[in-house]
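In what follows, a single structure is set out as structure tokens and then discussed.
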């Protein structure tokens, strides 16, 4: 039984970010140690993930992509089943058939994850159309990168959502990189949100490394979508702290850019907030980190103990 | 039984299935404009024009299918599918499997094929083999009015993504067609359209009409061709094909699509694998040549597989 | 031997528009009489075509689409070879293999015509890249419709042209229709030119039924592209007076919309200009019309006399 | 001769051909970042990163090829070609014909295939058959370091659009490779990789490695398999295949791509048509099943055609 998380307090968001960070760090360490599948780390983008996901309600649905750990964990996914999926185990969310790049969890409303860049933009309109025509409550949040915004499907998706009045929160996680290409090599402007205007779509850009700010912007956007039924584009300006994929050594990354963004690390910032505004002690904060790491240790243990799928699964789930 | 055209059969199937299931909707470029009666009967929500954007038309259908609707999309001409391959192949065809069975994709993709009206290779290209080659999809391509109706109805009721190819040059072809449930034709079943003992002709869509003609010409020469209409290209009804070849010992496959890695190749490979010992002669394919469809009528007619070629091919096996 | 036309006087442009109109009307009449191939008429858009094409120089190249008669004739294409192509004759510009929808004339710099909506947008960047890298003089003009602007390739093409600084004049002929769908069903704004801004591309909208105005805007745009090497989006606001394709009876067209646009007919307007500004007499103007019709009669005769291609042509020109 | 890996062979081919012809350029997502040595040697104009937009990457290549450049584009993984089908199939494949020969399209499309590293069906999908089926294209899919280099060089020199599929799991496979002109391998020529008399194994790319292994296992059982590496899938070297089957009388086709309307179907159909009388036994295909590529290692290994299956298939023909 999966439980959708909707806890919006700074502490609640912080715990989710810590769990995501511990997850990403564990998987990176396992890969470095050898004989573990590669993954796309969202380290550095935890605030963007949790701030948006926690602005959603249980009836809302999410589409995500290859860099999905933060979205899944913020929504309440079990890191044990996530790691199991990464490892190709039968207890993984997709029975091992997906692997790391396309984990969907229908019960949590995390729908149709695609690793084709732009795939989520292609599918989100249909998910929203179902909601609208079947008169189901809720909206659809669609996460995509600055790279995906270069694909033609970005244009087609936003235009259709606008013309058909589809309740979609488009979330562009502008993390400055598109695999091995810097965003600035791919577009002349720094921001994606201004593009929304040409579709008649409202938009804003938010500091994507500040969970509280993201939550606030996302809540306002979600509210507007619920009121108007119309799409909205939220750009979270953030940074991918690690390479595109486990083996990417970031040799091509400008060290000063990376250093700058590390000073804006979303978790350190939330700890500062918790310390300064909410009165948490250093010890309490350290304990939270430890707790997250322990949960991930347990998750890994679960995944390790899990069986591989039976070879007969090779040909199941092809047709309904 | 009413005698109606293929075009009318398609129209009836849509109406009946939209009546039958309120989750069925249809959209595409001009769908609402060119079929105002559908808008009138089912409302503007269920019959929609779209922007000119094939990728999002298909993507929207896939997303909607996974979440409770049963979309039918009209992609107009098959070459335009080139813009929609990601949604169809990478999403609809794979995401059920990749999600471990969490999602299903009950949707129908309509696309027109068929040389013969001179609009050239960017409107006329038989692409069915691409989708037969891709996992997770079904592919239908009928030749008679009854099958157009019955298979479209079944495609709409199927819980999987179905590519429904409509050779538009058959639009005015007419035949007896049932109404309602009686009209249903199951996916995945070929039909012996004409029994015979000397040679098996396997075809589908417009190719069937060349084969019908050829079979008559052959009969006049005392050669009895057994004629198999595949109707569904995926899943393929292997048994019907194999049973026929086991009886006749000879196989000619006929289709308009290009020869290489086409459905004809697949049928030939199937028979060479599973009915080899029954074969008395080489397997032959009669297809268009491996070139883009020309526009000029003179060339286009030479491009199409025609009955005399089928006859000559059969005769070459028997002489 | 093809000759590229660059005559920019009102009379020169008028003659081209008259020739185009006579061509379109002749083909419509032939279709109505039966046993003649269908075509996509650009009637009503002659000013958009001639105003842009005549702003180009001989080194410039053009990409067009299915509605190309005006572009071809303005550039100097021989209506006889055009009709021959429509009829599938060996003397057609493409030897009868294209038919009406994709006529290219390399000698005139009319390159790579595609009837896949958006095809010209897909190919124009490469044509411009060749010009730039091979240091060839000239720019590339790319004609496309308001419908094509809904395709993802519009987004990808403009973005790449901007990022790579490609000398492309994008010409959006916004003729209010996209086959059987009205433009307003496909986008929330009336104009396409504002979209250019999000790519950092300069743009303007011009009255597409006024050849002199189109020429002026196009000349300015071309000059700016030659100076900066950067793309430019010119929207010609115009109207497709006839149905999408020969058999389209326009049953779904709002009669008042059509009537309004007929009052703005580009040829009538140019005749008024020639009469009022340049002092042409009614008789002179009528003689010009007659001359155009006679040229088309002769062109049709040429096409009719031409042979069909030899069946052996079926398998030639597939590979280089 | 230097002993180098497939990856190195590809790198050498690019460098040599960019040196050989200043009109050759390469672009794609990350091409300049991941191959800084190319940027250094040939400059940023000829080695370009692109926005993440496969359709315009391909379209740009097609437009550039028609007007004087000779582009090589890196499309990364084959499933991403789903976004680029219009430019490749409807433009590059057809516009020469449709323009009556006015334009030529000397361009190379690089795409990676190959199961075995667990990234699932949206990164791993063997799509070569789509392009074999489409007119106007050439398709290359090598298995050895020498062929990777020699065929890539020839592909870049060819005046037609060439799809060059690179099974990335072969990247570290090494072999003797020539330099410069001596390295050229012509398009359209298969090679008898191992002579034999009992059965013909036809394969390409990774399938060749399963076949090599199988041939050795069979040899230990005194069965001599003749092994044919197609190398180029289009144009297909029919004669080499037919000559072998005429000698051995038995055919097994092996590839990783799905079975239906695949290259294996085509080879089977070809042989059943043109070397029928030489056939002693049914034609068999050993391919992946018709399912998306699973991610889990356990399933992925079961998905791949492996040597023991090839051996068992051959034995079933001989026993």
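The letters A, B, C and D name the chains in turn, as written, and every chain counts its residues from 1.
The rule we apply is simple: a contact is a pair of C-beta atoms (placed from the backbone, for glycine too) under 8 Å apart; a residue touches a chain by one contact, two chains touch by 3 or more.
Keep in mind that this is a model prediction, so the values were computed, not measured.
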Given chain C and chain D, the chains that contact each of them: A, B
Most distant chain from chain B, judged by the mean position of its C-alpha atoms: A
Centre distance in Å when chain B and chain D are each reduced to the mean of their C-alpha atoms: 29
Centre distance in Å when chain B and chain C are each reduced to the mean of their C-alpha atoms: 36
Chain A-chain C separation of Cα centroids, rounded to whole Å: 46
For chain A, residues contacting two or more additional chains: 92, 95-98, 102, 114, 116, 118-119, 150-153, 156, 159, 163, 185-187, 318
Overlap residues in chain B, where contacts from two or more other chains coincide: 50-51, 53, 55-56, 79, 82-83, 86, 90, 97-98, 120, 122, 135-136, 290-292, 294-295
Topology of the chain contact graph, where touching chains are joined (line, ring, star, complete, other): complete
Contact set on chain A toward chain D in their complex: 37, 88-89, 92, 95-102, 114-119, 147-148, 150-152, 178-181, 185-187, 252, 308-309, 311, 313-315, 318
Chain C partner contacts - residues on chain D that touch it in the complex: 23, 25, 45-46, 48, 50-51, 53, 55-56, 58-69, 71, 86-87, 90-91, 95-106, 135-136, 138, 159-160
Of chain B, residues touching chain C in the complex: 29-30, 33-34, 36, 49-56, 79-80, 82-83, 118-120, 122-123, 289-292, 294-299, 302-303
Touching residues on chain A, where the partner in the complex is chain C: 150-156, 159, 162-163, 185-189, 194-195, 197-200
In the complex, chain A residues that touch chain B: 61, 92-98, 102, 104-106, 111-114, 116, 118-119, 121-131, 133-134, 136, 152-153, 156-157, 159-160, 163-164, 316-320
